Amino acid sequence: MKKIKIGVIGTGRIGKVHTETIAQNIPEAQIVALADINKSSAKELASRFSVKSVTEDYRDIINNQEIDAVLICSPTDTHARIIIEAAKAGKHIFCEKPVDLDLNTIQNALDAVEKSGVKLMVGFNRRFDSNFKKIKQMVVEGKIGEPHILKITSRDPAPPPPEYVAVSGGMFLDMTIHDFDMARYIVGSEVEEVYVAAGVMVDEKIGKAGDVDTAILTLKFENGTLGVIDNSRQAVYGYDQRVEIFGSEGMVKVDNNAPDNHDYYSRDGVHSSLPLNFFMDRYIEAYASEIKEFCHAVAEDLHVSVGGKDGLLSVAIGLAAKKSLKLKRPVKVSEVFDK
Amino acid sequence: MKKIKIGVIGTGRIGKVHTETIAQNIPEAQIVALADINKSSAKELASRFSVKSVTEDYRDIINNQEIDAVLICSPTDTHARIIIEAAKAGKHIFCEKPVDLDLNTIQNALDAVEKSGVKLMVGFNRRFDSNFKKIKQMVVEGKIGEPHILKITSRDPAPPPPEYVAVSGGMFLDMTIHDFDMARYIVGSEVEEVYVAAGVMVDEKIGKAGDVDTAILTLKFENGTLGVIDNSRQAVYGYDQRVEIFGSEGMVKVDNNAPDNHDYYSRDGVHSSLPLNFFMDRYIEAYASEIKEFCHAVAEDLHVSVGGKDGLLSVAIGLAAKKSLKLKRPVKVSEVFDK
Amino acid sequence: MKKIKIGVIGTGRIGKVHTETIAQNIPEAQIVALADINKSSAKELASRFSVKSVTEDYRDIINNQEIDAVLICSPTDTHARIIIEAAKAGKHIFCEKPVDLDLNTIQNALDAVEKSGVKLMVGFNRRFDSNFKKIKQMVVEGKIGEPHILKITSRDPAPPPPEYVAVSGGMFLDMTIHDFDMARYIVGSEVEEVYVAAGVMVDEKIGKAGDVDTAILTLKFENGTLGVIDNSRQAVYGYDQRVEIFGSEGMVKVDNNAPDNHDYYSRDGVHSSLPLNFFMDRYIEAYASEIKEFCHAVAEDLHVSVGGKDGLLSVAIGLAAKKSLKLKRPVKVSEVFDK
Amino acid sequence: MKKIKIGVIGTGRIGKVHTETIAQNIPEAQIVALADINKSSAKELASRFSVKSVTEDYRDIINNQEIDAVLICSPTDTHARIIIEAAKAGKHIFCEKPVDLDLNTIQNALDAVEKSGVKLMVGFNRRFDSNFKKIKQMVVEGKIGEPHILKITSRDPAPPPPEYVAVSGGMFLDMTIHDFDMARYIVGSEVEEVYVAAGVMVDEKIGKAGDVDTAILTLKFENGTLGVIDNSRQAVYGYDQRVEIFGSEGMVKVDNNAPDNHDYYSRDGVHSSLPLNFFMDRYIEAYASEIKEFCHAVAEDLHVSVGGKDGLLSVAIGLAAKKSLKLKRPVKVSEVFDK
């Protein structure tokens, strides 16, 4: 078996996860190079997994003839540029979300990808979670009939630092973007309109940074389905990630995962374990499945299930949400695209 | 013990339930008269529970000197008029929801009640359900801290006949009105604004009758809490009535009730019983608690927990919801009151 | 409709429950007389439900020509004697469990019943609980195939006073007797052999009174099914009543009932309500269904579902359990019958 | 970091699992040799994980000076002999359960281990499962007070081939042995006596091979706790592995794990996923934790949590169970040791 050769750009938290998965669990792929402007981070990771080449400059990876595919795990504002360069160099691309915060910039990157014919997969890892895959499967099989109402609960265990809020594009583009993608994935139809009710309830500094931390977002889909997402930056009981879809023939919902399923009965009540508190714990298997799909798609020249359009539309819905919050009215997603 | 004397106006489904509860389970009250324009229905009920007086004309009850209190279980369009007449006659009043579909009409009835000093209780039975009382209690005890997000799921097992849709005031005034009251009850703050996304997905005839059958309603409360209600006129799996409230210190949610709690494991999966399918089954104990509170309040001259203002405001939110649907924008509840 | 006339013998806790149910909810029956050696207790109850006749001597009820049926709710050591007298007088009989602690005494009572041709129903109320009825129904429908393993968990919230232990016949005849009946009911086959492992873990005074308070009982049924009952006199978290049956085609289990179904998520974990803590709360509806069946069977001359043989065999299994504990070996139920 | 060097003896199903875990997830250990009488199986595994040495003769591993520790994953009847040889050669030992079916043979192996001073860990993987670790932790923390009743449900999804039954020592030594170890682990006290009720309900061929396939086992522990295990060789709904422990201060129980946690509500009922159906899926993480502990204990010279005594006593309880079944009476574990 010829292994595909991979370069990882960005060796922060998520870059490490993907590197580890590929090194340990994906025989058909091999990490041959790591790039990070913090070279010591990259070096440490390289030594753990016997990666031969380390660089501060991601262009060394782009220009490496041996490499078949790149994983872009660097900061958001570098994604589009690296996509374009990697596409021109004929590398297949896995890019973390969001592709960018600007629709034109994303579109330019997608144009480059299309022109070069490389694969582009966007890192919406939750699609690979066993609960969400199950709910999607049941919708596709017609178990709920025609979908009528989608409900997503998505609450983080703790807010990010206010300085991060400023650069992240705000809650809708940083956090809710996962829910927008999940909404499109589960319903199988595009979001046409969004209405936002939101506030600052968790941390005033988030408000001062110009963002909100609590929101209810109503979605209307092209196929008529209605959707609602509720978000909070801080659920004191942990990471709360639930989905429910209701339709003409039934309803299916998935709940959080916990580290164990014990029930303890004492004089005070019945007690059980909180949900897994950290996205790396909750989605560790989803991250692995995701990167396996990418490697397999490259190795076997297959279609990737989450592409550039998914990256583009999730950002567009996020921008529509921001506009709705500002204008205090429902906003069509089409309004955020330049005419 | 001197028993309070009660007359029941309207002996349809809900009139029967209250009559039965009082006759069998409330020693401090006695039904002495029943009125219904369908006299045979009233007669049949009277014979079952040894009620001595039966009439076609509710005014016989209003004018009956022996009677302390009346239960108004007749059609909605008669409520306000009977309230006014009963108040003038010095009778305490229990009135089924909604009081009326018109705010001025309701206000006139409330004015008559206030002038006469009688008690008026409005039949929002769900406040007396053990699940919802529990969630309310936990909010009051501060278990969830400051409330941030309220979620109500309220789906009926089957749509009403289209001809009923026409006279009922539509889904928001007939069905969602219970959820508006629940929202106010749980959060303990008034609804300031409502936004509706809705459609006709269950039955086209409902659309032709000018109503919707599926909706997501976003609420903003005076205290900053955000709320969402999702409604459907038809959940094929039964009556779906759930509430969740999330706040700074935690979250509490209550689920449906089922006729038993078996879990059956077969080759095909794990199976359990559907929720109770009919509001009379689900809320049978709530109806009893409700009418007990009313009788006890009359007998002991106590405050009733659900009053005229609750009747008025739930209709006002419903009218705001209708306006939001029509104007496709969020509507303040204050907009529906005449200036 | 001609109402059947009933006399209640014994107006303690359970006598009150049955009197109330019949007075309030069973139109086809009427309580016409109450007997209790504590006449003031009987009088108080009579006045609440307008029962015309009150006596200290149960023979007044036996001799009352007007009476069709008697409920025997007096202490256990009076049951057999009253059954015999009532049977001779041609009264139908409902008798609380256990019929007696001695098999010959029970058999004599059953002989008198058979001779007179009256109906005898024994008060195994749990058969009328919606959970246990559901599990029985699923077994009968063949949903689990051939039964292989039955598991009953039955734990009381608090031990009885030691003085009661002495007269009650011990845990197996007082408490486990319900589980023996449940085992026979669910499996639909007779218990052939029982083995007991038991100890005194809750209260040393129970040990001093010659009884145990914690036990595991293994049952072998005639049809080959194996069963296990685990008992404790004190579950600090409440009344614990669960049943599971496993067979060739699947498994079904039922859990406890709680006063509400809330789930509270705080920093400390997920919390929910304890099981209903008192047998009167847990089985209130079962008591009502049971007595309704009896009244209906008398009124319509129908078969009763829990008869004298059920009363006899549950005691026999209890005596076999006592013998197993003493002899430290498995004991056949046939060993406790005189040869 | 100096890596410990490991040789794996037996490359069947479980040998593969441990090899994969060490190769991929345990940086402090390295597999340097594989032995299997089926050399092609060993070769295939060696090539997947770059193991340099492959042999048909496990003595090549015993004699390999480079090797620090061996994993014994060969058939049961070879375990004791290999343990003795490995101990003499100064290798630390991980041995799959059961150590042997004969107590003297086991004791001889343990003597050799003790004499040589090497570590011996026995593969009771379930102790490393997150659910069972949680229940153990809660017992140790005193959350349930004094333990009174332990309940273990352990049912396999399908029976083994009858020819395996003959050589495996029967259900109690092959399957229930895990439950005996779990019982000792959770209660933290030794089993003193066992009583078995059992039958052949799943497959007549198992009966013809001299074994049973369905059983209820009652245990008495030295500290007075009572325990019950129920076993079946065939649960058609999958692998059923539950534990409950009840004590003076409360109760804690753990349930099965499923591949996802969806709930589907249709007209027919509420449906969810079956438990994981295969022990490799259910315990995949437990196997990894177990072998990590062993490698870490060897590398850092630490105590192993499951030792030779655990291997011995679980077999002793199994032999007592067989004796109880034969003699139809409770049997003390001490009875199976030679006097």
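Quick notes on this one:
We just call them A, B, C and D in the order they show up, numbering each chain from 1.
Convention: a contact is a pair of C-beta atoms (placed from the backbone, for glycine too) under 8 Å apart; a residue touches a chain by one contact, two chains touch by 3 or more.
Treat the numbers as computed from the prediction; the structure is a model and nothing was measured.
Of all residue numbers seen at the chain C-chain D contact, over half occur in both copies; the interface is built from largely matching residues. Contact tally for B-D versus A-B: the pair with more C-beta pairs in contact is A-B. Here the spacing of chain B and chain C, counted between their Cα centres, is 40 Å.
Put simply, the C-alpha centre of chain A and that of chain B have 43 angstrom between them. Work out the mean CA point of chain B and of chain D, and you get 59 Å between them. The residues of chain B that reach two or more other chains are 235-237, 240, 249-251, 265-267, 273, listed in rising order.
Listing the residues of chain B that touch chain A in their complex gives 146, 148-149, 151, 153, 155, 195, 197-199, 201-202, 214-216, 218, 220, 224, 226-228, 230, 232, 234-237, 240, 246, 248-251, 328-330.
The touching residues of chain C, when paired with chain A in their complex, are 235-238, 240, 265-274. Taken in their complex, chain B has these residues touching chain C: 24-25, 27, 48, 130-131, 133-135, 138, 143, 249-257, 259-267, 273.
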